[in-house]
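The following pair of complexes shares a single chain, chain A, combined with chain B in the former and chain C in the latter.
For the complex of A and B:
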């Protein structure tokens, strides 16, 4: 395999960080989602995102040399490249959680479609595999967005979408934002860019890496 | 693992395929790994056996177990295993063999629909195109896109009033 340029490995790491952190946030609903079927669904989606993160970290680790788990769990908070959008702790607010889910899946579809055309063959193949699975995440997000829009609480959902919109735009590279505006039906605004972090990332990483830090080399 | 210590041999590729066909899927043990279509290729080079493996879903926690059991099966034949995990787009539910589909159906697990070029859509999943594996009725509805493992959805048969698991099409 020809070594991919550093910028492309960086993009893969950013994508992996997005999926890992969002998967973690989604998993916070396990046990307390609005009803049992949704508990199963959202937990499964979280598991899917973390599975995608793992495959992306493995790809990055193969290019950089090193270990996927170390990339996922041993970096300093400032070294993570996830977008602030995925860091927000929304557990407890289902309308906002679905708003983020719907915005994320819509944006992610644009990103994955572009990666499927990558001239890094391993990345293109992985993106295509992810896309097959993401189709179910997208359908789930679509069903819920429609359901909330038709409910008596539609205002809460629309307000959450409006509030999260600048964050969602920051998930994508500048050249892909116009397409997101079209798909979501919103005008461009000043995005909350990748490269900065919310105050919510550090406690998340501390919780996520607790076992690994307490018992180095733990396996199960 | 019933081979004499220290004695290695070169199994034939068909012996390897046969051994892999006896490994049950860890999550759905009625089907084997070969039935699932996750074994992409087997190459025998003397005492070394290389197995190319494409996992079903990336988030499937059974991946490691599948890999380890394949390695054990190759060792049991007296050869050195090399299991290559290939994370590309080559696995689809269309790779589940006719035998695998029959076994799923018989155990009350509706086999996946063939994949359309554009992939599955909500309109399709909410249609009456899915049959109950128990009574055969097409009067079924989607209960949950997601189920107890990444590969399953939950449907409900209005005719025999039985919920059932539907293998997702990917």
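For the complex of A and C:
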């Protein structure tokens, strides 16, 4: 295999970091989601995102050397490339969580569709595989978004979407944002760009890497 | 709203009751049924049915002891024995 250009690997790492951190954030609802069925469904979505992260890290590790776990857990906070959007700690606020879920899945569909056309065959194949699973995530997000919009407290959902919108725009490369505006029916605003981090990332990483740092090489 | 879930384990087999779940409408029920009864490829098909549409039929009175209506009303073993005797093959 001809080594893919560095920028391509960087983009894969950024994508992996998005999926890992969002999967972690979504998993914070496990045990406390609004009702039992949703608890299982949302936890499954969280696991799905982390599974995608692993596959992307493996792909990146193949190009960079090292292994997926090292990429996922052994970097310094500043080395993570995830968008601030996925770092926000929204557990406890279901309206905001669904707002992010819906915005993320809508943006992600644009990103995955583009990657399916990649001339890096392994990446195109992986994107196609992810897309089949993401279809269920999108269905889930869409159905919840509609439900909250029709509820008597639709304001809470709409406010959360408005508040998260600049963050959501920052998830995508500049050329793909116009499509996102069309899909969610909002005007472009100044995006919260990738490359900076919220203060919430460091405590998240500390918790996420606790076992690995405590017992190097632990496996279970 | 409660939904009853029926699942088929293998192609061609009858659907059997798997359990129930709570969901506000068909779309939610479909997603949750997929999570609870399909995620590990344990079903080849799933039916979801609103519990309220199920009509329970019970109370099967048989006050006149018409046991001839039942398949066990006739003892085939005895009849076969008699038939063999008549035919002289017993």
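Keep this in mind: the second predicted complex is superposed on the first by the 220 of 220 C-alpha atoms of A that agree within 3 Å, B and C clash if a C-alpha of one lies under 4 Å from a C-alpha of the other, contacts with A are read in each partner's own complex, and residues count from 1 in each chain.
Basically, contacts are C-beta pairs under 8 Å (C-beta built on N, C-alpha and C of every residue); 3 or more make two chains touch, one makes a residue touch a chain.
These figures come from a predicted structure and were not determined experimentally.
*Asks:* Please tell me, clash or fit, for chain B and chain C sharing chain A in the overlay.
*Replies:* clash
*Asks:* Report for A:35: first if it touches chain B alone, second if chain C alone, otherwise both or neither.
*Replies:* After superposing on A, A:35 lies in contact with chain C but is clear of chain B.
*Asks:* Going by the contact rule set out at the top, does A:93 touch chain B (first), chain C (second), both, or neither?
*Replies:* neither
*Asks:* Contact-wise, after the overlay, does A:147 reach chain B, chain C, both or neither (first, second, both, neither)?
*Replies:* In the superposition, A:147 contacts chain C only.
*Asks:* In the superposed arrangement, which partner chain does A:193 touch: chain B (first), chain C (second), both, or neither?
*Replies:* In the superposition, A:193 contacts neither chain B nor chain C.
*Asks:* When the two structures are laid over each other on chain A, which of chain B and chain C touches more residues of chain A?
*Replies:* B
*Asks:* Who does A:50 touch here: chain B (first), chain C (second), both, or neither?
*Replies:* first
*Asks:* Considering only touches as defined above, state whether A:139 meets chain B (first), chain C (second), both or neither.
*Replies:* So A:139 meets both chain B and chain C here.
*Asks:* Shared contact residues on chain A, chain B side and chain C side combined as an intersection?
*Replies:* 37, 40-41, 44, 136, 139-140, 143
*Asks:* In the complex, go through chain A and note every residue touching chain C.
*Replies:* Against chain C, chain A makes touches at 35-38, 40-41, 44, 136, 139-140, 143, 147.
*Asks:* Provide the residue numbers of chain B that touch chain A in the complex, in ascending order.
*Replies:* It comes out as residues 57-61, 87-92, 119-122, 125, 143-150, 154, 168, 170.
*Asks:* If we count contacts the way the header does, which residues on chain C are in touch with chain A in the complex?
*Replies:* That would be residues 21-24, 27-28, 31-32, 34-36, 39 of chain C.
*Asks:* Touching residues of chain A toward chain B in the complex: what are they?
*Replies:* 37, 40-41, 44-45, 47-52, 54-55, 58-59, 122, 125-126, 128-130, 132-133, 135-136, 139-140, 142-143
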